[in-house]
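The two complexes that follow have chain A in common; it is paired with chain B in the first and with chain C in the second.
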Partner chain A sequence: MMRADIGFAKRHNRAALIFLAPALLFVFAFVAYPVVYAGWLSMFQWDGASAPVFVGVGNVLRLAGDPIFWASLGRNLLVALSAIVFQVFLALVIAYCLVRIVPAFSRIFLFFYLVPVMVSEICIGLLWRFMYNPYFGLVNAALKAVGLDSLKRGWLGESDTAFLAVVVVMSFTYLGLYVLLFTAAVRSVPESVYEAAEIDGAGHGRKFVSITVPMVWDAVRANSLLAIIGSLKTFSLVFVLTNGGPNHASEVVSTYLYKMGFGSFEMGYAATIGFAQMVLTALAAWIVFRYMKRKGDA
Partner chain B sequence: MKLKRLLIAGAALALTAFPAAAGALSFWHAYAGQQDKIDFITFALDEFARKHPDITLDVVAAEQSAYKTKLNTAMASGNPPDVFYTLPGGFLNAFVKGGQMYALDADLAKDGWRESFLESAIAQTMKDGKTYAVPVDVDSVVFWYDKALFAEKGWTVPKTYDELMALAEKAKEEGLVPFSLGNKDSWPATFWFQYMEMRLKGSGVVASFVNGDAGATLGAEGEKAFQTIAEIAQKDYFPIGFNGMSDQEANMLFLNGQAAMLLNGTWQIGASADAPEGFELGYFAFPSVSGGAGDQSDVLAGVAASFGISEKAENKADAVTLLKFLTSPEVMTKYVELRKTMVTVKGATTEAAAGPVLYGISNELMNAAGHLDSFYDTAMPPAATNIYYTTLQGVLDGSVAPADGAKRLEDALKANK
Partner chain C sequence: MTPTVVHRWNRTNSIVLAFLTLHVLMVIFPFVWMIYSTFKTNREFMRSVWSFPTSLNFDAYIGAWSGGALGGYAVNSLIVMAGATLITVLVSTLAGYALAIYRPRWMPAVELSLTAAMAIPAYVALVPLVVMLRGAGLLDTHLGVILPTAAFNVPVSIFIMQAFFNTLPRELFDAGRVDGASEWQIFRKVALPIARPAMFTVAIVNMIWVWNDFLFPVVFINNPARKTLPVGLTDFVGEHITNYPVMLAAILIAAIAPLILFIYFERQITAALIGGAVKE
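Right, the complex of A and B next:
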C-alpha cells in the first residue's frame, strides 16, 4: 500500500468515526450502560426504595439454588427446541413448497403467513386468550363440534396444558417470519441445479434434502440462531397468555425476572436473572454458530 | 427509532427533572384510563384551582398498573413528586422504610382532620405509630349474585358455610358454575383464602406479621383454610381453567348468568353496570363457619388508595392544603357519587351518592362488623405477595398440598420482605 493511500484511509477513518459516533453514543447510553449497571446491581439486595445492601455473589448463589429459575430456563430451552422444529424447519418446508411447487400462489400464501408477524404480540396474545377461553372459546367449541368433548379443558388455566398452549401460539405467531426469510433464500438457488437433479429423476423430497437444504444452509443457520435467541428472551406472549401461571407452570426466565423485579421489587435479584439470561443466551448462540458450521468452512 | 428514544428520554426528563417552583406542587395520581376516575380527578382539580388560585399544580396522571412502576422508579431515583397517590400496605411501607414519606401526624392533629376519617381506615396507612398517608377509598368484599336468577330458582341467600356449599351443589346440578373465579392474576382467589382464615382464626393475622409481632402465625387454621378452598376447587365449584381466566372473563360468566355467585370487591357494582336486561345485582356477607374462632361478622375491607407527601417536598404547607382539600367531605361525597366506591371520610358515603347496594354494604354490613380486615395481598410486603399468589394458584389446582402452601406462606410472612 502506498503512503497516499494510508493518508486517504486515515482521513476516511476519521470521517467514518464521526458518522458512527452518534450511534455509538446511543449504544453506550442504552445498551452498554444498562448492562454494566445491571451487573453492578446484581451484587446488591435492593427493593427500589431503601438503601441497597451489598451482598456480593449472594444473588448468584441464590440463583444457582433457585428451582423456579432452572425450571423456567428449561422451558425456554423447550421453546427453542420447538422453534427449531415448528418454526425454522417447518418454515423451510413451506418455503420450498411455495417456491418450487405452487409458485403461482406463493404471494397470497406469504401474505397470510405474515399477518401474525405484523400484528403486535399483545394483540395476538389477547386474541388467543379468547380462543382458549374454556366457555366461549373457539378451541373447545371446535373440539365439541368434532365430537372430542373429552378433550375440552381450560387450556391456559391447567398446569399440564398451560405451557403447551403458549408454545402453540408462539409457533403460529413467528412461523411467518421464517417462511418469508426462507422464501427469499430458496428463490436464490439456481434453477439449473434443480434441472440437473430432475434429469437424474429426483423427486421433491430428494431435491429438498439434497439441494435446497445444503444450498440455503447459511440461512438455516442464521434463522436457527434468530429462533434460539428469540426463544431464550421470549416474554410478551407468555405474559399476556398466562403470566407464567398457574403456580409457575408456564414460567419462562423473562416473566420470572419481571415478577422478581416489578412484583417482589427485588431489583438486585432481578438484575442477576437478567445478567444470567444474557450470558446463557450468548453462550447458546455461540454453540449454535460453532456446531452448525458446514464442513469446509473456516 | 433513535429519534423515538430521544423523544421518550426527553419527555421523561421534562416530567421528572424540573423542580417545582415556589407556590407550585408536583402532584401524581393514578386516576386515568377509566371514565369515572377521570371525571373525579377533573372535578377535584378544577375545584382546587378555583379555591386555591395561589397554588399551581404540576399534574402527572398514569393508569394504575403503569403508575405503580412509574412511582417506584421516581422514588428509587430520588426524584419523588411532592404529593402523590399511593397504595397503602406493603407498597407504602417500602417508601416509609426508605425514609421518603413525610409523617402527617402533626397536621392531622389540627382542626379535627384525623377525626374526620374512619379509625379502622386511617389505621391502615400507619406504620410504627406514625401516619404517612391519608386514606381515600375503601373496598370491601362480599358475595354477589343475581337476584332475578335466585328468585327464578327459588334459592335463598345462605347464612352459613354449609348452606353455601349446599347451594353450590344445587347450582352445579342446574348446569351452572357455582362460583365464578378468574384467577389468572391471582388476587381474586385471595378473598377465598382470607375469608376462610378470618372466619376460622380471626382478623388481623397478616397485620400482626407486618407489625413484627413475635407471636404472629397463620396457625393450623392456615392449612385448614387452604384445605377448604382446595376442596371447593376439587368439587368443580369454580369454572374450568379458572387459573387461566381473567377477572373480566369471570365477570362475563357471572353477568351472562352462566355462574351463580361471585366473591369479589365492591368494584363489582361498576363492573355490573353493563349487565344484560333483567340482571339485578344483590350481595350477601361471607357466611359464618361453624366452629370458627373468628368473629363471624368480620368483613374483608381495605383501604384501596391513599395520598401522601414526600419527605423531600419543599412546600409542605401547600401540600397539606391539597391533601385536606382532597379528603374534604365535599370532594369525597363527589367521589362516592362518581365512582360508586365507599370512602374513608365519615359521613361522606351518603345514600344519595352511593346508591342502595353500596349504601347497604356500608351502612349495614360494615357498621355491624366486629372488625374490618384489610386485604392480605396489599398489606404484606411485595415478595411475600408474590409467593402468596403463586401458592394460591398451586393449592387450587392441586399441585401444592395445603400443608405445604400454609408453610410457604408462613415462611414468606416471617421473612417480612
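Right, the complex of A and C next:
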C-alpha cells in the first residue's frame, strides 16, 4: 500500500476480520477443535457410552505396539507411492500426449478420464466388485481369454491380492484429476520452446524429458503433494471394496479407525489412531515438501 | 503466427491415439458396462454377464425405484447437498474476498491455517465430532451431517474464490472507497454481482463432493429414513444381492446426478478443480 491508504488500514483490518469470521468459525468448530479434542480423547479408554477412564499415554503405547496400525499406515504410504507413479506420473505422460500429439482429441479424452472423478467412490467400488468377482468377473475372464487360467482368483477375497486390487482401482479412479491438472500446466508451456527443439530434431521422448518435465516441475510438485495428502485420507474405496479385509490384509488407517471406533466401540483408541495419523501426516507432508523444495532449488 | 515446424499426422500420432483410446476404454468400461447391463433381465445377465442386452428392458429401473427406498435416500442427499453447499458458498465467498482484497499483517497466518486444514483427513475429527454432535442433539439429523461437511469443504472453496477475486483489478474496489462507500457496501454492490459465476462454480463442485460424500453420513446417521444415497445404496445392494440388473440400476441412479452436472458444467467444474489445486 504505497498510496495514502493509511487511513483505510484500520477499517480494512476490521472488514477483513468480519468477512473472514463465519468461515473461520466453521473451520474452527468442526475441523480445528475436533482435532485438538481427538488429542484429549486419546488419553481415555471409552466405549462411547459409559464413563471414560483416564489411561494417560496408555493408548499411545498400545498404538506404538500395534502391528495392524503400522501395517495400515505402511499401506497408506504404499497408496501414496503408487499414486505418484500410476496417477501423477502417468497423468503427466497422458497430458503430454493429449496436448502435444493428439490435441484434436484432448477435450473428449479429458472428459472420459474425468468421469470416475465425478462419480461416488461407493458406486465405483461396487462396480469393481463385479470386475473382480471370482466366478464371473471380467478380470478372470480376461486372464482365461489369454490363457493365464492359473492366475484366476478371488482378487478381493484373498489376502495376497486384496490390497493390490484396491490400489489398481484407485489408480483408475483418480488418474483423471491429475490428467486435468497437467493438461492445464503442459498447455502453458510456450510453443516457441518446442519449436526450437524440433528444429534441432528432437523427438517426443526427448521433448517430454528435456522440456515438458522441467517446465511443469511446479505442477509435478504440487500434484505429488496433492496425491500424498489424498492417499492418507483414503477411505471410501477401501471400505466398499474390502473393508480392509480379509484379516486386515488391505487395512488402511481410516478403515482401522472406523472399525475400532464404530465396530469395537473403542472410541478412545480410535481417537488415538486418528490423532497419531494426523501428526504423522503433517510430518510426512513437511518432509516431502522440504525435500522437493530443495530439489527444485538445485 | 507462422509455425516454423509443420506438424503432419504420422504414425506416432496414430499409435498414441490407439493407446490412449484403449486406456480410456479401460478406465470407463465399468460405467459403460453398468449402463448397458441395466437393460438386461436377470436371466439374461446370468447367462452371459458381459454381453450386450438383446433387447431394451426397463424392469431393472422399475425394480430399483419401486419400494421407494432409493427415492427417500435421494431426497436426503438433496437436503444435505443443498444445506452444505449453501453454507460453504456463502462463507467462502466472504472469506475469499477478504483474502484477495485485504492485506493485514496476520493474513498469511490465516492462509497457512486454511491450507493446513485442507490437509487434515476428515476421519481424524470423526470420534470428537460424534461426541460433539451427540451433545448438541444433532446425531442422526441432516444438520449434523451438513455442518461438518460444509466446514471441511470451506478451505478449498475459499481458495477458489480467492483465485477469482485475484483476477479482478484493484481499481474496481478503490473507486467505491473514494466515493465514501462502506466496505460492506463495496462487497455487496461491486464484488458480489461480478462474483456470481465464480460462486456458481464453487457451488457445482461442492454439490458433487457433498453428494458423493460417504464417511460423515455413514457414521453420523443410523436412522434408515435419513440416510443419504451412497450410504443407502450399500444397504440396498446388500438386500438385492440376487438381482444384478436391479443392483446396477440402483448404482446408476446414485451416480447419475454428478454425471449430469459434469456434462452440463464441464467448463466450470474443470476450472474449479484447477483453481483449487493450484493453491496447494
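As a convention for this text, the second predicted complex is superposed on the first by the 289 of 298 C-alpha atoms of A that agree within 3 Å, B and C clash if a C-alpha of one lies under 4 Å from a C-alpha of the other, contacts with A are read in each partner's own complex, and residues count from 1 in each chain.
By our rule, a residue touches a chain if its C-beta (ideal position, glycine included) is under 8 Å from a C-beta of that chain, and two chains touch if they have at least 3 such contacts.
Being a predicted model, the structure only gives us computed values, none of them experimental.
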- Task: Scan A:F262 for contacts with chain B and chain C and give back first, second, both or neither.
- Result: both
- Classify the contacts of A:W70 with the two partner chains as first (chain B alone), second (chain C alone), both, or neither. neither
- Check whether A:F289 is in contact with chain B, with chain C, with both or with neither, and answer first, second, both or neither. neither
- Query: A:F136 contacts which: chain B (first), chain C (second), both, neither?
  - Reply: both
- Message: Contacts for A:F30 in the overlay, against chain B (first) and chain C (second): which applies, first, second, both or neither?
- Response: both
- Message: Taking the superposition on A as described, I'd like to know which of chain B and chain C A:P246 touches: first, second, both or neither.
- Response: first
- Have a look at where A:L127 lands relative to chain B and chain C in the superposition and call it first, second, both or neither. second
- So which one touches more of the residues on chain A, chain B or chain C? C
- Looking at the overlay, what does A:F109 touch: chain B (first), chain C (second), both, or neither? second
- Applying the touch criterion given at the start, work out whether A:L225 contacts chain B, chain C, both or neither, answering first, second, both or neither. second
- Intersected contact list for chain A, partners chain B and chain C 22-23, 26, 30, 48, 136, 262, 267
- Query: Touching chain C in the complex: which residues of chain A?
  - Reply: 1, 8, 11-13, 15-17, 19-20, 22-24, 26-27, 29-35, 37-38, 41, 48, 94, 97-98, 101-102, 105, 109-124, 126-128, 130-131, 136, 138, 141, 172, 175-177, 180-181, 184, 191, 195, 198-199, 204, 222-223, 225-226, 229, 232-233, 235-236, 239-240, 253-254, 257-258, 261-262, 267, 270-271, 274-275, 277-278, 281-282, 285
- Contact set on chain C toward chain A in their complex: 3-5, 12-13, 16-17, 20, 23-24, 26-31, 33-34, 49-50, 87, 90-92, 94-95, 97-99, 101-104, 107, 110, 113-114, 116-132, 147-148, 150-152, 154-155, 158, 177, 183-184, 187, 208, 211-212, 214-215, 219, 229-231, 233-234, 237, 244, 247, 251, 254-255, 258-259, 261-262, 266, 269-270, 273-274, 277-278, 280
- Name, in rising order, each residue of chain A that touches chain B in their complex. 22-23, 26, 30, 47-51, 129, 132-136, 152-159, 162, 241-243, 245-249, 259-260, 262-267
- Within their complex, chain B touches chain A through residues 2, 5, 69, 72-73, 75-76, 94-95, 97-100, 183-186, 239-246, 249, 252-253, 258, 382-383, 385-386, 390-391, 393-394, 396-397, 399-400, 417
